[in-house]
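First chain written, first letter: the chains are A, B, C and D, and each begins at residue 1.
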Amino acid sequence: MNVSRIGIMTSGGDAPGMNAAVRASVRMADHLGLEVVGIRDGYQGLLNGQIITIEPHQLDGIERLGGTILGTSRSAEFRTPQGLEGALEQLNRQNIEALIVIGGEGSFQGAHTLHRRGFPVVGVPASIDNDVGGTAVAIGVDTAINTALDAIDRLRDTAAAFRRAFVVEVMGRHSGWIALQAAIASGAEMVLIPEVPVPIETVLHRMREMKASGKSHFVLVAAEGISPTAAEIHAHLSQGGSVGFESRLTILGHIQRGGSPTAFDRLLAARLAARAVEELKAGRSGTVIGLRAMKTVVTPLDEVITEPHQFDPETYRFAEILAG
Amino acid sequence: MNVSRIGIMTSGGDAPGMNAAVRASVRMADHLGLEVVGIRDGYQGLLNGQIITIEPHQLDGIERLGGTILGTSRSAEFRTPQGLEGALEQLNRQNIEALIVIGGEGSFQGAHTLHRRGFPVVGVPASIDNDVGGTAVAIGVDTAINTALDAIDRLRDTAAAFRRAFVVEVMGRHSGWIALQAAIASGAEMVLIPEVPVPIETVLHRMREMKASGKSHFVLVAAEGISPTAAEIHAHLSQGGSVGFESRLTILGHIQRGGSPTAFDRLLAARLAARAVEELKAGRSGTVIGLRAMKTVVTPLDEVITEPHQFDPETYRFAEILAG
Amino acid sequence: MNVSRIGIMTSGGDAPGMNAAVRASVRMADHLGLEVVGIRDGYQGLLNGQIITIEPHQLDGIERLGGTILGTSRSAEFRTPQGLEGALEQLNRQNIEALIVIGGEGSFQGAHTLHRRGFPVVGVPASIDNDVGGTAVAIGVDTAINTALDAIDRLRDTAAAFRRAFVVEVMGRHSGWIALQAAIASGAEMVLIPEVPVPIETVLHRMREMKASGKSHFVLVAAEGISPTAAEIHAHLSQGGSVGFESRLTILGHIQRGGSPTAFDRLLAARLAARAVEELKAGRSGTVIGLRAMKTVVTPLDEVITEPHQFDPETYRFAEILAG
Amino acid sequence: MNVSRIGIMTSGGDAPGMNAAVRASVRMADHLGLEVVGIRDGYQGLLNGQIITIEPHQLDGIERLGGTILGTSRSAEFRTPQGLEGALEQLNRQNIEALIVIGGEGSFQGAHTLHRRGFPVVGVPASIDNDVGGTAVAIGVDTAINTALDAIDRLRDTAAAFRRAFVVEVMGRHSGWIALQAAIASGAEMVLIPEVPVPIETVLHRMREMKASGKSHFVLVAAEGISPTAAEIHAHLSQGGSVGFESRLTILGHIQRGGSPTAFDRLLAARLAARAVEELKAGRSGTVIGLRAMKTVVTPLDEVITEPHQFDPETYRFAEILAG
């Protein structure tokens, strides 16, 4: 089948660079003579028939904006059998012949159900946690790491002034990617990630050692998903207090999802989204477009959604060598 | 007495711009033919005799750095009668004839005790909370507000994408200055400050109203010192949850104390610190140098330490008009 | 006359914070029960009848954006007698009863001609060069200085690495405000401004002195309007080359007009624009709203347009004391 | 031979991330039980015997700083036969058994001459132009692109306000890497690079086309090494002026070499430099450490210095599709 009209949506947790991906896909579609419509608010918006036309000139400047102008959602309804039927019906009614889904793991599972029903769909990985398959790095990761790094740099300014321990929680429920990269880049004294459980006694011991060695401050970077949590470690330090550093807590939270995307994220978004359009134009689908070895690569959705979460113990060891 | 050798210290909570103040005072002292020594770690360092010589060329580039290269502390010992004697003894032993204290309220109380004992001292106000007298605005305030604002801007990116409520805690135990200014500048939907207690029911009511009016997100800027705290409001929203927005929590914490100072803070620091040296050179002391109406002004320490905390209800009302 | 419908325009050179001023005036008008329309592209757009309705909710988030969503222009046509008549006719036809003009010196001259014809108009000063009367500081100045400062900070990184002279041109055709403030804030080795002509021999002499004293680099901040220009000084250094530093040229140009406005500029814009609406609502006009001593002040347009350009030789002397 | 004491230098044009590379190599050396000394000011400093000891704790926080704390230079003397002998003599006298050279193409040619004389040396590629072999991306490239992108984003703010053409010159004498990536990431209307000569008539034609199509502004990103230069194109537009856009010129210059390195550059620097130390420890040298496919790779110096400059016409074509 020759695709002539495609839909594009952003789905799941938003990531900086989603807008750059939208812009690039519209540009490439225009270049290849395809019509594009936008679907608002992800799968839920599709179910609700929230379809908008996009003119290329309307997208001027959106590559710079954080968030997603299309909106996003997590839709429980779409995951039901009726939801799937409803979505296919809407796609049919709107004459959308193929779909680009910009999002993460959950979004690709949704894409996979459409694909198995024969609907042409291509995924573009965007997830600040870098916990999605089919690519070495997802859209949004670079911006999120730089946001976390900027915050940690600021803490180090004041840590040095005041001889304190700073516990800073960064995003990552199941993945320590942001925490690990930000810790290495900032020379943080310690990093805690979901993939490597560390008892609190070890944390306290490391702090005491550092204090004894004359270290004037201690920055602990903690991913969201660890146990005990950053807030619990902070509470423990504040009550016990015997490690020699006064503890202060920062929870970065969703500021890591916002901000103007970095050059890396905009370039990555542009390349992956443009390639996604090319694939659909060429009649290929059921895949995810990723980046490996500086090149765009295409991986079947079936493989992507079962790809184990990447974690490199070497990187963790490296963070320890560079620590503090 | 003709002062020929002065000491300079940073004290209390650190603030961006302290280093710019140190550099300007050393420059001006050099220009006026005065010798300067640095005192490390505030009053505690003075007690410990941590005096260092500073050459003007060593300070190249420090105006850009957050934190304080001199270090700072809060000293309980100095506040005792023995502490005061010890400090005077150290100043005498080191031939320091006058002192510049860069810091906030507590630091100026310390300066006042030295002044009452006849020791020439001039204060330079630095406090990100803007809760110090003798000046319309203290060193560090502008940088801290911009840091908070940048974080809130990022939250608004993602808030728009996801239809959420974001509770973001900014610094300010007794003062809502940062919260109020950042809220106005960002167009936040609501701001809570220590000076104006608001029951949680009012917060929930405002959220429901906004939701009903079609508002897609809600950013609540909360100063540290409010009750219930930002974390408690977030917990309440997460459990009850009936306001129509999902709640997410960010605690900025000490990242507001760090970062390269803004132009405003560097210029303010340079002007106040240079003027402090000029005052000492002219044989005047027992004062605080501030900025009012774009000019440096000199206020006696006695007045400064009893000056009531500035709060303008009009600004609060203005934040409400601009909200959301 | 009771004003019930006002127009708002941005005019002349754009400045960061113009959008924040637009948003605040619309908010305040909404609060006071006034209707607001936007006029696109300044006086030229008024002549062309480019009037748009603005709903408060459309302005969500614009306080963060550089540039001006209303557009701006410099209109030669408006300055003719026919232009003035055309403008008054359009205002009448569109039922616009009063006007807020956000802009600089030239824009206020235009406002003054409308005012003399009896049309109610209030000016809000926005000009990155700070060369407009009626206020201590205009909207956009703070952002522009921070942009220049960030660039100079970057040059100092590499200057230190390579032992070079950097000639950096910042904006300011008639005013050295940006150059002077950025030079003081960055500790630049020398600053050249239109208000204080300096022969090139003096520049070369200062460079040789600095080189002889062991200085590893030399940053020269030059305002646009000086003679010889930054590019000419650079060419001179590159050809003669006998000062001991290799010269490199940076021309910042219009990047100083862009960027997300700082907290200071957003707050200033909000306060001035809101006050402008209040003035019109109260039936007062023919004025400019400014900031002096941290308070909004109102000055008649007649005075503002003849107010001499502010320049403080003390600030220039201060830059020299802090230099390098 | 078992290496136990290594020297580290930065050489050639400085690049953000050089300090992060220095810190990581010292950390890794400490971890592997090697002694490290720093060589100041590149090969020239080596000739002058400017050797300094580095303690790991002295490097706290340098990963954040632009420039290079070791200094750098371009040494004509080292390139002579006597220079080479002098360098070897100094290395011998200082008991330096192996060398890490952080720099670009010219620096690696120097490293190669040492290697051919049997001295163990490993190169770590740092060059904002990305014009060095042995790696997909060099240290400093990511920061430089982001600096250029930030400037272009600011120009677009004001371009939209004023309907102008902005000619912005970015670095790249022989390589259009920065220009091309920044142009794609910013959606610039046109990009000119040394690898693809374009006659000025084509530039003017494109501008007229864009103007005719209703485009309100035109951003032209031009690499340093093109002919006619950015300044010449700007002069042409300002004189002829018949394209319908008023032209404004920005020359970014060396601000692209400064600034705190991005997370990407710090991580890259850390990984390459640490690997360099591991190679020397393992008795391997005469190589350059690079990054390919997210992994560190080792390439012989002989190959690196003859590797042709990478340029991908596909990327150029892609920039055109995304333009404006």
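Criterion: a contact is a pair of C-beta atoms (placed from the backbone, for glycine too) under 8 Å apart; a residue touches a chain by one contact, two chains touch by 3 or more.
Values in this document were obtained by computation on a predicted structure and should not be read as measured data.
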Size of the rotation, in steps of 5 degrees, that lays the CA trace of chain C over chain D: 180
Farthest chain (mean CA position) relative to chain B: D
Centre-to-centre distance between chain B and chain A (centres being mean Cα positions), rounded to whole Å: 35
Whole-Å gap separating chain A and chain D, where each centre is the average of the chain's CA atoms: 28
Where chain C touches two or more other chains, by residue: 153, 156, 160
Every chain pair in contact, whichever chains are involved: A-B, A-D, B-C, C-D
Contact footprint of chain C on chain D as seen in their complex: 10, 13-14, 16, 65-68, 71-73, 147, 151, 153-164, 166, 168, 248-259
In the complex with chain D, residue positions of chain A that touch it: 20, 23-24, 27-28, 31, 57, 60-61, 63-64, 136-137, 142, 145-146, 149, 153, 156, 160, 181-182, 184-187, 214, 260, 262-264, 266-267, 270-271, 274, 292-294, 318, 321-322, 324
